[in-house]
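Next come two complexes built around chain A: one with chain B, the other with chain C.
Right, the complex of A and B next:
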């Protein structure tokens, strides 16, 4: 059957316009919080509406399956093969899904101003496979139930399955619905397993429901094989994410960092390379202040993953193109604080804090004027201001003691000037 | 009467009502965060919102199971019977919800009952006007629609959503009463030649 004929008689025509509008709106909304110019974010934004696209495609497929059931196609003696009938019937549904993702891609790409590389397309590929799987599952359900029940059941079932688990207290279930709840950043990439687990589950579920397609009684062997596919696939998918927390694990993004040799060398992801001249200018000023206070000048400032080890002469920092100069000064000043473990992860009652040394670093690198003039008149500033009156060695001793306490998850010392 | 009962399979709707009451009791106040078109992103919805769906689908399925030719020439008023069945189902739902509320184990029971009546009314009205097969999609489509666009600033649901409002909201209560009454009236009148009537849809 020609595609246009199939499309003309298909239910996708009813759902197409609302779905396209929803898709575009969702992508634009999602992109408001995404990283501009970041290719992976474009793929993630494109994949975000999967919970609507998959639900509508599944409902339409169930409707089409119901039409075949009502027409008694499977019970008659069709000239075409069953697979051919399946493809003919589902081609408008797959076209609906493809067009939705194409619209999503256009909006995401234009909003974020980037084009993803081939390796960034994993979220989109995962969403596409999940959509096809749930469409196939919907078709099988539609072949076995009246249209009145099958189509709405798949619409609400897939929608609820893909949206509600994202906030479930059961952590592993969050990662299986097919809707990605963890985003990659310019320094970290979401692990590939986060995309494969929902694909494994959805494909195995589709295979499990496949015998329903013809509506006829199936042999025990076929039914058993289908059930085994479903059970084994579900177990494999579960085992992939069983020990995960609220977010999917990430790995350092490979080959993304570009270093600009200078004093100091500044290493940034390629997306931020335009910020190098501004960072050089500000870093020269801030590092001179820190050197004067007793710090050793780092040879490199690097924006890299927290999981990537750095050499002793390298300070981590976290600049962003949207930060103004004042905030970048603070970011570079705070890079003097070495890595420390997340003490609150193991002890909710931990009493240490790096707040005082952060304020102190801001006071050291303040851009001229009287100390504290550019900082808010709050308790932290009042508590740390007297530290500046101490000798350079005493100040550094207090800083080192605080950093050591943070590294050991011990209580951090009070600013020394307060009791003096 | 027994033919009418057997043809419609009303026990399916009764079973779905039992499932509804059980779900109301078990789900309680469980909430979930879903994507929504709001100025501040996702909204938190109560899972109880989706509990009425099986009842509405079962009711729509039962109501469409009629042979048009015999029933259009029937002496007995089967349309009135259908309307009566919808009212009985709604009354049983309210009684069950009142019982659960009296037990105090599910604080959202009244809201779930109000939502069920509203969605029954919507399903039956759409079913009478646009065909039974569309009525189920309209019912769940309403739920998807309100979760996506039903929240305004501060994630407060708009009055038109009805099902997202508190159980004590008077506007939602009045709207529910009106829509349910419309649904009952539409069900009773379906056997008269309504313009949108598309014929027997069968059970296959």
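Right, the complex of A and C next:
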């Protein structure tokens, strides 16, 4: 049937405008917490409404499958193959899904002020395949059930399947529903497997239900093959994510960092390059204070993935364009603390903390005035203030001892001024 | 070219057989398929259309065999079928129903639209082309079914009780349509209505209990009526003559 006829007579016309409005709302909400100017975030924001787009598309497809069932199409001895009839029937549903993602893309792109590169489109590609798969699944279910059962069943079923596992205690199930629960950052990219696992599962489920859509051609061999596809696909998908934690694994973002040569060299992701002059100005002050306190001046300050090794003389830091100057001072001061393992991950009862040396670094790099004047008058500040009265060597000894304890997951020493 | 059933068996469940080892070829021309309810007429036509596949044996049209996936498309292109229940795709207008049936039978979209208008004209439904199916009477709906069967250029037309629910005027229109197709394609029509037998059909097939009980031309069939039968009741009496004493169920 011509596309216009298919569209006019389909259930898509009822669902389109509510879905478009909801998609736009969800994308704008998601984008409020995303990185402005970051192309990958645009793709992730576009893919975010997949749980409603897939649910509505699946329900519409079930309705369309029910129409063919009501019309006796599969038992009318058609010359056209099942796939041809399926594509023709689902063309309005595919148009609905495509338009929803196009609207999501326009809103995400305009809200975040960026455009994703081709390599950033993986989240969107995954969401598109998941949507098509669940639409196919809905269509197959619709071919076997009355419309008034199939459509609500798929709407609720797909929505629940895509949203509830995200908060499940069973970690692996979180990564299979197709809802993307881990976001990339400017320094880390979500692993490709996080996008392929739900695709494998959804495609295999759609294939498993495929024999429901047939007339005289239904055969035991076809049903057996379909069930095997479903089982094998589900097992493959599960094996991909079986040992994952609450978030999907990430890898350092390739080619993301741009370095501005000066003293110190500042390495930032391209999206933050506009911050270099401000960081240079603040870093000059802060590093001078730290040098005066006995630190060796780093040749590079770098915002890179925690999983990327850094060379000696390079300090990691974590600035953000939305930080004010005061917070950036703190960020640069804290970059003097070297990497240490996550001791709490191995021992819940670990008693060490870097809180005291963080306060001490803030006190060292305070922007003039009485020591501690810019800090809240809390227990930590009171505990560390006496350290400033010690000699430079004693203070550095305490800092090194604390850093060493953190590195060994041993209890951290008390600030020396207090014990004395 | 007639449809041929070769050693054909079929049952809707494993236990009960509706057709059993049937070897039969429909005659050329217009054939009326008669028989009581449950005789297997609709099943025979469904299998003939390839909407159902036989459990054993095969159904052929020339070299084409419905059991072969490769042959099924060309077979279906050459055989049109109107089922007993006219199921329509909800939401489509009458002309769209017919055009969609044409598209399903392999016509291109433009050709299907063109042939749909032609087919509706053949069944005198042009004025209802843009109506919704829900607005049609039972008789009009059956004419939509006939139009759907006519829409593609089939060589064999299988019609399962097409005149059920039609008023006398609609039946006249329908018989006129069949008359217009006479000699161009082979038609097999199942019905309980034996009026106009001589003028509309060339052959008669009577089914009983899943078997072909009688097969012959119309004059042979009418000879089965007792000699004293009044002129307007000859066909009916011939039918009773043929079926009298026969078991209605497949043994």
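By our rule, the second predicted complex is superposed on the first by the 414 of 420 C-alpha atoms of A that agree within 3 Å, B and C clash if a C-alpha of one lies under 4 Å from a C-alpha of the other, contacts with A are read in each partner's own complex, and residues count from 1 in each chain.
Here is the rule we go by: a residue touches a chain if its C-beta (ideal position, glycine included) is under 8 Å from a C-beta of that chain, and two chains touch if they have at least 3 such contacts.
Everything numeric in this text was worked out from a predicted model, so none of it was measured.
Peer 1: When the two structures are overlaid on chain A, which partner does A:336 contact: first (chain B), second (chain C), both, or neither?
Peer 2: After superposing on A, A:336 lies clear of both chain B and chain C.
Peer 1: Counting touched residues of chain A, say whether chain B or chain C comes out ahead.
Peer 2: Greater contact footprint in residues on chain A: B.
Peer 1: Answer with first, second, both or neither: which of chain B and chain C does A:146 touch in the superposed model?
Peer 2: Touch partner of A:146: chain B, not chain C.
Peer 1: Quick one: is A:2 in contact with chain B, with chain C, with both, or with neither? Answer first, second, both or neither.
Peer 2: Only chain C; A:2 stays clear of chain B.
Peer 1: Have a look at where A:156 lands relative to chain B and chain C in the superposition and call it first, second, both or neither.
Peer 2: The answer is first: A:156 touches chain B but not chain C.
Peer 1: If we overlay the two complexes on their shared chain A, which of chain B and chain C does A:78 touch? Say first, second, both or neither.
Peer 2: In the superposition, A:78 contacts chain C only.
Peer 1: Figure out whether A:70 sits in contact with chain B (first) or chain C (second), or with both, or with neither.
Peer 2: After superposition on chain A, A:70 lies in contact with both partners, chain B and chain C.
Peer 1: Touching A:124, do we find chain B (first), chain C (second), both, or neither?
Peer 2: neither
Peer 1: Between chain B and chain C, whom does A:62 touch in the aligned arrangement: first, second, both, or neither?
Peer 2: Neither partner.
Peer 1: Where on chain A do the contacts from chain B and from chain C line up?
Peer 2: Of chain A, residues 70, 72 contact chain B in one complex and chain C in the other.
Peer 1: Help me check something: in the complex, which residues belonging to chain A touch chain C?
Peer 2: Chain A reaches chain C through residues 1-2, 5, 8-10, 67-68, 70-73, 75-81, 85, 88, 215-217.
Peer 1: Show which residues of chain A lie in contact with chain B when the two form their complex.
Peer 2: Chain A reaches chain B through residues 22, 25-26, 29, 33, 48, 51-52, 55, 59, 69-70, 72, 146-149, 151-153, 155-156, 159-160, 163-168.
Peer 1: Help me check something: in the complex, which residues belonging to chain C touch chain A?
Peer 2: 49-53, 69, 73, 76-77, 79, 81, 83, 85, 87-92, 96, 99-101, 103-106, 109, 113
Peer 1: Sort out for me which residues of chain B touch chain A in the complex.
Peer 2: These residues of chain B touch chain A: 31-35, 37, 41, 44, 47, 50, 53, 57, 60-61, 64, 132-133, 135-137, 139-141, 143-144, 147-148, 201-204.
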